[in-house]
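Below: one structure, written as structure tokens.
The first chain written gets the first letter, and so on, giving A, B, C, D, E and F; residue counts start at 1 in each chain.
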């Protein structure tokens, strides 16, 4: 099985980190093909960056399809362009927000999301509502760090994330925590050990859910909204 | 007051039709600046077309801002890239779906949307839910016509739309009908006369709502999700 | 165009203030006809006052209709008797709560309402839910002032409202604030300057939205719940 | 125990019918004090009639309170002025719509409401949503009869109601039916026998629920929205 | 009329306390038949205990039915096995959570639930959502006491409950409080006097609501999900 | 990795069928341990059967835990006792309804569930609502067949299911179909081929999702509602 894991932003170091997480999660026999949004913004911080990243993402989806992948992970927590990706794809496509919050809903009665910037909070709240999980989401919090701070060696970003998780457990009475940024995928295990609460990384869970859907023989439905784009 | 009305697809004849509707609606003293999504798909039929149209739309928003517009209408019923446009804009930005369904909610207890293609139905249902009006939306229906059929002289598209509206009134017990495509903006009056039900055009209502918000002194909030994009 | 702006309570000073706000908002060529709920309670503070104010409000609607108005604003934040007004009216009718929260939803992802008395909080929460905007409403707060304190020269009411707005921005992470009382309409601009957040006045927005709906050629739907009352 | 059952419209024959239903339902030792909305519309068919009926209803509530009743039933399916009544009342107040749909939710997983006129359908849908039971309400249907047709001897209204119930069972797959008008209270038993489905009358259930709340020692909460009206 | 009040756990002292509350509430002429879940867990603290208690509860329902009861109260705040009980029962069956929160919704615009253990909080939140009352429920709180602490003479449990109620009134701005455990039924009156807020006991309200439904001639609907179990 | 797949009813032929589906789905290196609800009802048709099956299910969960399984599938579409199982389990536990509808939500914008008996329809509707997916669920339908008809050689049950799926595609405009019974797990592929719509089997998807969660290093959260049962 071959899964494309696409980082929709242009930052290669983030793609490498995401690839590490996806490969660590992948079952034996599953090949992870990591892809970068060439020409996209360096990080996706808000609606504008997200919108500007989608064409490059769709180009990667087309290439991945041409290369015969079985399924696709979109590795940005804003789940950019998922509907469009699904129109282009044969196999399943899942964004890391959808994967992570649905995973959380399977192992806990409630969860809190901890993301990077405050401006992403309403975007994530809206996604959680779209996925039908507002009643299980205690709160969406931000650790008030720029996305790329997670890439800087020696940054204290990981401690800020940890502290926000500890506040979430204390104040929100949540039973699990979802990491709200692909750039946090290397921190999940450490954060879980530090805080004692299940900490869920979207790259890992999305990779596993695509594996699962492919393994279950499921492909994106082509009889409605996700049919191939109409020719122009 | 100057309002940019942006047709996010590349079809100039549609832009002209939209401009006619917007100018007919505009108050005296309001200038309508019609813009086209240069390089965008010829029509927006589904998630993929929508995603591919957004960068050209954002370019138009930047130009319009530079030209000093007071507010912006995005004249495609999928409300593409609204959040991104709002990050770039100073004044209010509204999509024609949001405008039309909120107008409908002010003059009737329920409405049905009649759009072009079946594939757009779930997209519109999801938007109506996002705008919080599912409880007033009886149904989203499609007249099963391609978007550009509305541009063809001699096409029977208008009759198909009329017949679908008549079915909506009969079967859905709706009190108003929302036209689910910018390309129907020239038909609203005729359809209302033919069917006896208020028929709401998004281009008209969005133009008036932007006028209203500007006139009320309101601008897009810049203290949260709609702040200007972070510099990269 | 002629718009009736009806203050459903009996306090003339409040009608005058409301008229000032409506006239300041109205486009050139729009006449504002300010009306008072003669015989209604002096202020509307809760369900009882609201219910007792409606017959006088409906009498004003009948008179306004007879005088040929094009649309009607009901200038009390409890949106009293809106359904009944719509049955009597030909043109659009909108209450200032509905107008303000829908305007807020167009310029921000979230808002908080700041009203006068604590007892109005659950009433407003219920209205926001009815209008489908609970997911965008962070909180309904009260500044703990009686409605008529806003009419007293030298009252510190405006400072209490400002302080509550500052708390809302800090604690609720809201992107806009809606003023929850018609008697605050003269404060919107000052409050926005003091707090740095868009502050939305319902009298202003309702006037503009009625203008917008009339300008769009929309009237209250008469084929269902808002048909003229059945003769007895 | 003394319970006031108030018919908010002015039709005495309807009050008598309602009193019969309430007395048939009342436990031994419970006195039913039937009251009529003197000066109110002859029937409540829509928002306007409802609004015009409320002041007379509130006058009856005040009188009933002065007479020392323990609780109050508002016997019109639009649940007019319930919040205002609760502000005036010491004991519990319940409308027959709220009572009937909450009773239905206790004996069946789903129900359909059958009311008189089509114009009441959206009003009832909105109330069901306010009471939080939309997910258990299959549909609100109208038998297309005026309210007072139920008062005419020899009318075929009861058969039209029965036929609508049979359609509800067949088409809606509902497990219970709620009668959507106080004027149907004498028909519940017959309709249930004819159709084989539990048929719920609001006058009966509201009377029993008020008895229940009084018997449980519960009064209307006075620490918030239902506090006594502010003095003017 | 004969009502079975079933304590689904095995603790007889709790059954006795529940019986006292039910008998104090019952109308004259109503016989309360108190039953204990023989062989069930000693207390129901979480999903597992609840699940293990249901077979014994169903055995009690079968016995009660054989003994000809008119209705049944399930006296545990987790409302265990209600659907199953309704399949076995002829008359109405109600759990004390459903009864209490629906009663609260009739006398106040909002309520907070105060239960025993933190682990029950998400279970109750989910039930409140199922009953459609999330919008009226300010919060579900725990007093952090084990269920059986309420049975110990000299325990300070009642003071912990009182203090949590006082916090609820202060912080949640609730208008009523629902006691989230059958073992608190003897405390309702004292807690209401101490705190000044209506305090609602589920055993009392469920008993009265079953009386009400039976008195209204209503039985559990047998035409759908609550039909008698299929023979095996 | 070792996964227990527990058939909560007592019918061994159904366990064998379920085991075949689970093993066909399992990745290499995953052992499926099929278990039967010894002493449970022969089929689970409604709330009563479900409740009576849970203790045997929990016994199997305890045994499976003792045997060191990594995760658990509960292979009945009513998702019986999931909360209780999660309290007992270390690893993830998922029911086949939750798995199937969440899988459907990842590959289609809408789905319809086709189950066996009409009495299961409201139960499944309620579960879909609990899982937050009502807005994506077009309808829950029944093919009007008893559960064990699916076990009878030569039964026409499969054709009835196929015909119901064809009606779902036609009438509900759904983009995917979820099979609403574990006993249909052998039919998914054939039904998909016959109908041209993705047909989703819960046993398969639940097996894959448990694999995915285990593979992602996730266990059931033990810090709240799913903590181990309190000792008695």
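Keep in mind that, in the parts below, a residue touches a chain if its C-beta (ideal position, glycine included) is under 8 Å from a C-beta of that chain, and two chains touch if they have at least 3 such contacts.
Chains and their UniProt names: A, B, C, D, E, F = Hydantoin racemase.
Being a predicted model, the structure only gives us computed values, none of them experimental.
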Candidate from C-E, A-F or C-D with the same interface as A-B, over half of contact pairs in common: C-D
Remotest chain, chain B (Hydantoin racemase) as reference, centres from CA atoms: E
Chain D (Hydantoin racemase) against chain C (Hydantoin racemase), contact positions shared by both copies (same if over half, else different): same
Longest centre-to-centre distance from chain D (Hydantoin racemase), chain (CA-based): A
Approximate Å spacing (C-alpha centroids) for the pair chain B (Hydantoin racemase), chain C (Hydantoin racemase): 27
Whole-Å separation of chain centres (CA-atom averages), chain E (Hydantoin racemase) against chain F (Hydantoin racemase): 31
Chain centre separation (chain A (Hydantoin racemase), chain D (Hydantoin racemase); CA means) in Å: 51
Set of chain A (Hydantoin racemase) residues in contact with two or more other chains: 86, 109-110, 118, 121-122, 126, 129, 134-135, 173, 175, 224-226
Chains touching one another, given as label pairs in label order: A-B, A-C, A-E, A-F, B-C, B-D, B-F, C-D, C-E, D-E, D-F, E-F
Residue numbers on chain E (Hydantoin racemase) that touch chain D (Hydantoin racemase), as the complex places them: 25, 27-29, 86, 92, 94, 98, 102-103, 105-110, 131-136, 169, 173, 175-176, 189, 196-198, 200-201, 204-205, 208-209, 211-213, 215-221, 223-226
Residues of chain E (Hydantoin racemase) touching chain A (Hydantoin racemase) in the complex: 118, 121-122, 125-126, 129, 134
Touching residues (chain side chain C (Hydantoin racemase), partner chain A (Hydantoin racemase)) in the complex: 109-110, 135, 173, 175
Parts of chain E (Hydantoin racemase) lying in touch with chain F (Hydantoin racemase), wherever the complex brings them together: 41-43, 45-52, 54-55, 58, 81, 83-84, 86-88, 117-123, 126, 129-130, 146, 224-227, 229-230, 232
